[in-house]
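In the two complexes that follow, subunit A is the common piece, with subunit B as its partner first and subunit C second.
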Partner chain A sequence: MNIHKKILIPLLCLPLLSTLLTGCWDARELSELGITSGSAYDWENNQWKATYQVINPSSGSSGMGGSTGGSTSSPPFVTFTVKGRTIMEAIEKTNLTSTREMFFSHSRITVLGESVAKHGINQLIDMFLRKQDARETVYVFITKGEAGNILDQLMQLSKNQGAGVQLMIEQESRLISYYPGVQMFELAMALSSESGSAVLPEILLTGTEIMDETTETGRTDLKTRLALGRLGVLKGDQLMGWLSQKQAFGLSFMTDKIKTATIAFSSKPKSGDKPDASYILQKSKTIVHPKWEQDHYVIDIDIKGSGVLSEVGSVMDLNDRTSITEMEHSIEQQVLELVNNSWKEIRTLGADVTGFAVRIHRSDRKRFKQIKKAKNWDSTFQEIEIRPHVSMKIERTGLSNKSFESVHEK
Partner chain B sequence: MNGKVGTTQAAMLIVNTILPTATVVLPVIISNYAEQDAPLAILLSTFFGLLIAALVGSTVSRINGAPFLTWVGEKSSPVIGTVLGLLMLQFYLDNTSTILREFVNFLKDNVLVNTPISILCTLILLITIYMVRQGLEAIARVNSLVILLFVFFVPLYLFGLSNEMNVHQLLPMFDHSLAELTLASITPTTWMSEVAVLLFLAPYLKDPKRARIIGWSGLIVVALIMMFSLITTLMVFGPDFIKLSTYPGFTAASIVHLGRFIEKLDILFISYWVMSIYLKFSIFLFATVECFKQTFRVGSSRPFIGALGLLILLECLYTWQSTEKLNLYNKEGRFLVFFLFNVLVPLGAIGLDRFKKGKPKQKGWET
Partner chain C sequence: MQALETILSCRQNKELKTGDNNAKESRFQQNRGVMMANKQKPARKNASVPSENSVPAPLPLDPSLEVNLQELGKRIGQSSDVVFRRFTNESLSSLALAFVYIDGLVNADVVNQTVLQPLLETVTLKSESITATDAFRMIKDQILPIGGVKEGKTLEALLSMLFDGYTLILFDGLQMALAADTSGWEKRSVNEPTSQGVIRGPKEGFTESLRTGTSMLRRRLKTSDLRIEEYKIGQRTQTGVALVYLDGIASEQVLKEVRRRLNAIHTDSILESNYIEEFIQDGGLTPFPTIQNTERPDAMAGGILEGQIGIIIDGTPFALLAPSTFFNFFQSSEDYYQRYDISSFLRLIRYGAFFVSMLLPALYIAVTTFHQEMLPTTLLVSLAAQREGVPLPALAEALLMELTFDVLREAGVRMPRTIGPAISIVGALVLGQAAVQAGLVSAAMVIVVSFTAISNFVIPSLAIANSIRLIRFVMMFIAATLGLFGIMSFLMVLLIHMAGLRSFGVPYLSPVAPMVPRYLKDILIRVPLWSMTMRPKTNLGKETRRQGPDQKPKPAEGKNSQESGQPKPQGEDPA
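Right after this comes the complex of A and B.
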């Protein structure tokens, strides 16, 4: 009896072991996955047109960096373009053409065509925040033409184009600070905030021809490259217009997004406005302080920065404090001009990308609640007056005490 | 197998009795009412929670480690004890099945999208039944180890998000009325009232007289961790975005990154959360079994654990099928039920004890 019991119990328990395989329902083989590194969306004939960039595992090194091995002739990635009434319908249609199931967890970038940006992007953001394998940390870009074309372009120094573009925007926001990289969750945050506006960097092709063959990347100077351009301005979920790089730079000062930047300025403003010197801004801090004056808001914008002189094109003795003060003043004027130009354009567009609504809510919540209740933020925003105050310090002048131009003066 | 549990271990048990589902369910509910004032709502609910803990602690001290329902039966009548036991059994069965449902819902949403819920529930239940069969002491030991892992996870979370946090997102403070804050604090108070599970853990406490300290210290740790989680999430996402996300804490974890080489750490935090919720589920299953044991006065509860587990499984699968229904219950229904069983029952027990003892002698009036 005991022996029977001893055999019977393990036999009964044996099927229970199958429960340990619960994870297998969700098991996916790496060889069956199409790992997307980028996606692009356009709106065409009342349909979503989605393009996916899928990493080609059989591609080896082909002069574009990366590891060796594999076929050198096959491209580092392939793209699929599909259409659907909804985004998910389009995504699922890739299964009609691809041997691999799309896997989005490693996506780096998403490009929105101007058509999508004009149609509205709420549905797209919703999909990114809702879908389990979608990544809310993807960098989002906007492009003037068709977004799908951007993903076809090969890059020379990076095999994985999506990762390459990510590096470009990170490098841009770290070194020149024209605009910050915008990740999907930041876009959603900006659009859901009291300001209800957001910005997106533009990505563009510098030429007309798309370099989508691996042989074409063998050239030293590509006819067409990927480049970062202007800054798209969105209000609600629609594109309102564009800020030029200079205007975007001014916005970066207003919103305290400057990490490092180079400012070209005139070293002797009295002699002329032509920039002949460069200043590397290494530290920058912006404090925005809104206050109500009579019938409108006045925003005090205090910008303080310090950095090093990196280029001088005029006769100058850098041991002379007066010269330094004069140059600091010239840099301050440059920054003031950037900020004022930027504000002028932002006000024309009527989109609060400066985040003033949020600032006002924080410092003057009672009045802001009234404005919100009366739904007249747009008119309040138009009446805002900004008062930028800039203070720039040249902390060091580099490895030379006098400008090289002084040599010729002798 | 059922050894006694020390005061610190018991306080840690209270932490995991409340925290795992609280971190998942509460942030959305609180921030929908209180937005950036959410930390104030936590403070308010902690205050109420500490009052409930004092109430439960006093009850446990009075019964001095005796089985609660047996004590009620002895103090009143066996019929009252049994009726209360049946009602409390129903309460604990409901509560444990909702915990199981929240557990599987989270797994289905985030990790195991294609695995059938019935399989997930069965597996979780089998593991938890095994845990409960090992006794409270074993659960408490594992629980202490899991809590100690906070030492690793909290700094990782904090450093990984340090670049994304903006303290100004917490402004303006005091932007919401007291009514809104009270509404926001009702559901967290409900969660805090789960400290009443001590009524059924009392026979296994080394020092039941210190039940109040156990409850208080457990709740204070819960409040601190909840504050930490809410404040960091608010500083990262701000008050508007947080309302959009079903699991804001884990969404924040998904953007944690250390340089470019450690990214997308949500799965690590989810794994840790899974460990904690296993413990929560086991504590509640243990309390359910204990309630059954005391109600029906059975010598050993071991043969009944499986049967109770089956009931919980069926309730989880068929009563809480709809997520909207569970969300509505969490938001609106839970408060009433929890107030009834976690506040009024211990209050009634204290009243009963006082009534039986008669009026205490009035000191200071005698000459």
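Right after this comes the complex of A and C.
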């Protein structure tokens, strides 16, 4: 009996000891957390200037209209702007002004100001990869002016602005495919790959005024909205230039990033170049095949796609096979033009955002090693000749055979 | 004291040789119990056990009726419900007789019509020439129209029969007495089981009467293999305990072990099946039950058919089934009364509910205090918004609500039925709604606690549901200190503990660990009955066939083609 007691008493005391531990370590109550939904970085006076967007839970920014204490007058998020010689120094300084501990795990977007992009972003990427609660899956954007302003802008339909922007870019890359959303790890991978270049979508304010007051979101047509713009091209860790949306679209074809896209084309190329029909590209596959020809690389780009006709503005009988073939030709021409256009700009920028270096490295390792050794990849890149082959198929023509224009003519 | 008892029991044994059927059984068991106890722990012999001699020396009857009656009266202490009826009228007969019975334990009509009336009316008894021995023989063999008539030679034997509702007939000048079975007391009628209801299936449950229980099983298992062994356990209560099993299907080893443990019980009283359960179940300190209890004769019959051993205890409608594995507690008898697909689905839900009930509050605490990154942002924000005004940390909040629920639950059990609705209103409205509005607890916590509570009721066996009620609190503390890591670690500890448990030699987690794939047919899901051809050996027993191999219902095509196939070749051959 006594032996039992001797064992039992310490055993019973063990759980009691554990209660002393509660609250220690990294336990954090929800009400102590500053849930960060986005961050922005600028470079100013040789210092990092970081802006954090912290969700204000009691304003019901869950989007579901949190039932308790939801007051619409308080902003769905608040922003803190801090400066520091290093990024972490800046982050830690938020604790001087904020009542809550920054919590980065729910961060959705990171906006880089042009100033940072020009200064170099290696340090930032390193911080994201190193820090425990920083997510590598944040979407990275670049903006022309000051990045902090982007985070101040209120959004309609989505109170959590960071999450809203994430939805925007995801929708864009799924439905229009001008450019894919770039997450932090993808950026890091692209910059560390053989080509050493990456692209970042631009985010911008459509107006000059920043809508940062909750009363202002009461309007139906905001003066200023957030919008996705061009595509920034980075080489090394610096911003080289921009691709327009069209050029970015061409790049998407070259890099096989098309999910769904709408292409406007001229249904009767002979009678005019004016686009009067639309085609929804539903499936697209690009195969890139580099080969060495005498003194330069030739890249075969096979683009195969299929989709649906969604709009015809000319007199056309779709029962006629030839008219379909003609339209397919026109679409192919359209794509070809996009690709060539894009390539021209990329070549001028001299940044291998197409990932050709990776392809060449994989298919022709010996020569690529030589090029690397000789450090003349840039000139090799300039000499690359691309040969795009496009084949587009119209699989269905929608619900009507003749275009309404032709019915109307009769 | 033990030594004394052994001596006494030897004396008893000698006596037993000379007869006395009824006493034989109970005494025999007792003696065995005593001897087993001695064998098991010889060290105890000299230990100072509270010396309470509850088995007095058997006292042979005295030839004198008066002495016997006096002795009986002394033993019983003139309790008002004991009826002594002297039957000595010199004018009628020279024979002095006395009846003793306990009012309330006997059926008054039976006593009057089958004992008193025949004795009073029989003429031969009134003749003067008859001797006591002749009268004894005559009454026993001819006069009493009663099935159970026994002889008793010692006072103790008679007393125990008296308490079973027998009517004693004592003779002057004889050292023997007759006992007529006139038992008949108020019993609860067979009702629907209150704790284990089903939608489809038999609606009768065990009652407090042992005999009713065994008869219900007999009615279900009409086979000569059904064995019912009776024990009397408890020195003061002399509670009848029946061991019910199927000979040849129940494992001999398990049976031996159960008998050994039952015999080893040395206690004052057995008032409910839990007394037996606690005395014989394995793993005394484990939170997990290793013996099932059931109120349903059909569930019991099912268990017995699978090789389990049933233990019915007089005085309680809850019978025991052993050996029981962890998975037995998730099988409801209704699983077999419904289609197999819905049964399988329900069974999966039960396992799910088991984990929810055990882990949900702990997971809530762990996720909201350690792993906020695991939640979807919108959920996190809305949780954060709810917790904004709550003064307590998540652990305290969860503990508060869980304890509140347990208080409510206990109140619900104890409280008189008429004020039941009042408690549910107070519980649901005041504590749930108002506490959230007052900002004492968050709405999410109320949801977590209610879902946990409801999940707990999904588990068919109250025994295992209760065990995780306690584990839940441990889990909550661990979650608050170590987060998900702690939960996983503690689950490991639990799993190791469970893997080490045994129920009468059967591994607690069998047939999952140790894994016997072909016995999994009735564990996580229930396969169709025709596919369960073999009876899972309750591990230590043998595997026996339960039904024919090709029981899957199908059209009689095969048979037809056989029948029509015979003439066919004849017709085809010439062609």
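The rule is short, and it goes like this: the second predicted complex is superposed on the first by the 379 of 410 C-alpha atoms of A that agree within 3 Å, B and C clash if a C-alpha of one lies under 4 Å from a C-alpha of the other, contacts with A are read in each partner's own complex, and residues count from 1 in each chain.
Keep this in mind: a contact is a pair of C-beta atoms (placed from the backbone, for glycine too) under 8 Å apart; a residue touches a chain by one contact, two chains touch by 3 or more.
It should be emphasised that the depicted structure is a prediction, and the values quoted were computed from it without experimental measurement.
Residue contacts after overlaying the shared chain place A:Q294 against neither subunit B nor subunit C. Of the two partner chains, subunit B and subunit C are each touched by A:S105.
Residue by residue along subunit A, subunit B and subunit C are tallied for touches, and C comes out ahead.
By the touch criterion defined above, A:N160 reaches subunit C but does not reach subunit B.
In the overlay built on the shared chain, the residue A:H361 is in contact with subunit B alone; subunit C does not reach it.
Judged by the touch definition given at the top, the superposed model places A:L33 against subunit C, while subunit B stays out of reach.
Of the two partner chains placed by superposition, only subunit B is touched by A:L129; subunit C is not. By the document's definition of touching, neither partner reaches A:T208: not subunit B, not subunit C.
In the superposed model, A:M189 makes contact with subunit B only, not with subunit C. Shared contact residues on subunit A (touching subunit B in one structure, subunit C in the other): 19, 22-23, 25-26, 105. If you check the complex, the residues on subunit C that touch subunit A are 368-370, 372-373, 377-390, 393-395, 436, 439, 442-443, 474, 477-478, 480-481, 483.
Against subunit B, the residues of subunit A that register as touching in their complex are 16, 19-20, 22-23, 25-26, 105, 129, 132, 135-137, 183, 185, 188-189, 192-194, 361-363, 365. Those residues of subunit A that touch subunit C in the shared complex are 15, 18-19, 21-31, 33, 35, 37, 55, 57-58, 60-64, 66-70, 103, 105-106, 108, 133, 160, 163. Interface residues of subunit B facing subunit A in the complex, by the touch rule stated above, are 109-116, 119-120, 122-123, 126, 168, 171-172, 175, 237-238, 240-241, 244-245, 251, 254-255, 257, 263-264.
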